[in-house]
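What follows is a pair of complexes built around chain A, which joins chain B in one and chain C in the other.
On to the complex of A and B.
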């Protein structure tokens, strides 16, 4: 069974790239090939000038990985001891590790719990420690696989802002996979969408929104029932008599046209919004499935 | 190269230390494990003492040599399981795709994996082994030689387990082969080799090298022969190299997994 086929892309230094796709699309396989975990049967990979299949160890000094579903830390040790251990793994002298821990402690706000065993930390605190552990050796690329999985919205937001800060501070390239649209939207400037083992979209976040945000959702609460039917540029998404939800294709009709159809005097309340990014991504996934 | 080796050894020792610290979190269980393993090993000797009270000399061994044989068997078993515990469930690690976190580290994957856990009861085996060695002959030369054979024998056991477990890269049920191979070696290691004849004996010096782990060392400790000592060392080296070759060949076929895993 082939997990990925003819995937081709390159990433610039300091970029924050979202590498997304539905389950089984080949995201993890690609990341694992890029980090030297899996051997591709064909093709070539070059990460920071290294072929991961031939120079796995050299490459390992230059990259960091955080797999949200797989913990790297010793749970009975404190984050501080774990960081020291990771420093030893990467052959970093003690004084340099101490300095780095101090620096990352500030950046990731670990002061309150750096000396508490990992098993007693909350999931959010653990993920922060996982990220710090992967940054001890100052990697040039950080691979983040579902870094916010299982976290509550507040902690997610916190992790995202810390990753952003890290990217700004160290110019670390971030290669992120996540099913969380918030991670993608708030962190990444570029999106690569993969489906069925192939790249189906590789574009900037700005372009993605620009090209796919040509539809508006109009939700209206009406004084009287309106009998509206689908017509060119207008699709009825929900019609519950007094409550309507329609989608307007702004390339064919203006929002004003749609409002005229509803009769503005008949509208009690109205909400006009963009199509959620999640829906845009889902529609790209579906297109990929059909092709 | 030398720095890399030194750093690898440092990491392996550090991992062993942290794994030991984890085991010692519950001190009562930790010490009970050790004590009960010593008692467990000692209970087998009673059978031999009874046997030797009926008949003197079994398979060419006197009672003291049987004690030494048990000491070596317990010592090699204990050494291998204390320092390289994960070599004995390597199949499960390969099958469940748990090598990922070791593969992204700039260290030797095989060494990092197999040294990542310890068995506390194995310490009981090691203590027991030295009690037997002292009973056999209390001399510095004897203890040094005994230690040398525990290391070479332990490393052969680890290598056999790694070689057989690495077959999991090629087919799923290799864990049963690994388990059977290692348990056969451990079982045969406690009987005087004189009771075995023909093809079985050939097996002990080829596929299941118990001969190099236990029998030849017992012979050397009874009557020193340098050529045999060198032979044991060379054979141990051969199996270690073979283990690395087979594991790294198989690693190209590693398929990982997306299971939720925590380091415990």
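On to the complex of A and C.
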């Protein structure tokens, strides 16, 4: 069984790319091939000038990895000791590690807990330390696999802004895998969607939104019942008599057309919103499944 | 090398909090030595008698030292860890770090082995002195050589156990292999010196890893001689080389066939 087929893409220095897809799409396989863990049966990979299958060890010095579901820190040691450990692993002299720890401590706001054993940290604090540990050797590419999994919304937001800051500060290329649309939307300027082992979309976040956000959701609370039926460009999603939810395809009809059908005098309350990015991505996944 | 020393140091720092757990493990060691002390006391009807060239004190010290070595290695955990790394796909996360997995596993395990070794040596010697009221005579040089030989024995044990664990690349479960290995070491290496076995078996045992991981250091401790010392060190160096090559061979073949799903 082939996990991936004919995948072809390149990433620019400093880019933040979301590499997403449903479970079993081939994301992990691709990342593992890019980091030299798995060997492709055909084709070629070039990461920072290295062939990962031949130069895995050399490439390891240039990349960092954070797996939200896999701890790489020593839980009985403090973050500080862990960072020193990672410094040694990457053959960085002591004075340089100290300097880097100081710098990253400020950037990732670790001052309050850098000397507390990792096992006593909250998940959010631990993830921050995981990211810092993966940056000690100043990698050119950072692979982030579900970095915000299990975190509450406030902590997620905090982690995202820290990653953004890190990208701005060090120009580190970020290759992100996540099922969290918030991560993708807020961090990445480009999205690569993979399904059934093939790239089904490779576009900028802006284009994705422009092309796919051509549908508006209109939710209205009515004074009197309205009998509407699907028309070209207007789809009834929910009709509970006084409460209506319709989807307007703005390439075919305007929102104003839809409002006219409802009769503005009959509307008590109304909400017009974009189709959530999550739904857009799901529909792309489904298209990929059909093809 | 600095990175491996850091791995070693980090493992020691991590495990210092579990010294009490290690002390609990010592209960079994105490019981075993107590049984053997009484057994050999019964078998040696005359305290000055020699069996296969060993006095009663030497035989019991032999068991004390081999049990210290075996307890220090704690092979079951090491084998399980390697096997779980292979089967659970954890090995993949080690592969994108700039170190050698075999070296990482060795130095990682030597960290806990060092803590165990120190405790086992102190408690083993206390028990030996308590039971036997004597210690084989040594100079500082000879005792350092015994210690060095014990460290090499531990490294060889680790390599052999890592090799067994890495067999998980080829077979579903390597634990039965470890079980066979541990029983062979127990029966042929820990409880009796090689001289106690039939003459026909002795050459086989002398060339087997048992000589390097158990008999060698224990023999040097109970009856040090420069001839044996040289032979033990040569054997141990050969086995360290063989052990490392074996680990690397199986690892390199295994990772090429690695199939990590999900995650």
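As a convention for this text, the second predicted complex is superposed on the first by the 291 of 291 C-alpha atoms of A that agree within 3 Å, B and C clash if a C-alpha of one lies under 4 Å from a C-alpha of the other, contacts with A are read in each partner's own complex, and residues count from 1 in each chain.
Going forward, contacts are C-beta pairs under 8 Å (C-beta built on N, C-alpha and C of every residue); 3 or more make two chains touch, one makes a residue touch a chain.
Predicted, not measured: the structure shown is a model, and the values here were computed from it.
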Superposition on chain A - do chain B and chain C clash or fit: clash
Which superposed partner A:5 touches (first chain B, second chain C, both, neither): neither
Touching partner for A:165 - first (chain B), second (chain C), both, neither: neither
Which superposed partner A:225 touches (first chain B, second chain C, both, neither): neither
Partner chain in contact with A:211 - chain B first, chain C second, else both or neither: neither
Touched partner set for A:39, first chain B, second chain C, both or neither: both
Touching partner for A:57 - first (chain B), second (chain C), both, neither: both
Which superposed partner A:28 touches (first chain B, second chain C, both, neither): both
Intersection of the chain A residues that touch chain B with those that touch chain C: 28, 32, 35-39, 56-57, 60-61, 63, 65, 67, 69-70, 72, 74-77, 81, 85, 88-91
Contacting residues of chain C [partner chain A, same complex]: 2-3, 5-7, 10, 13-15, 17, 90, 92-93, 95-99, 256, 258, 260-263
Touching residues (chain side chain B, partner chain A) in the complex: 3, 7, 10-11, 14, 18, 21-22, 25, 99-101, 103-107, 252-256, 258-264
Touching residues (chain side chain A, partner chain B) in the complex: 28, 32, 35-39, 56-58, 60-61, 63, 65, 67, 69-77, 81, 85, 88-91
Contact set on chain A toward chain C in their complex: 23-24, 28, 32, 35-39, 56-57, 59-61, 63, 65, 67, 69-70, 72, 74-77, 81, 84-85, 88-91, 145
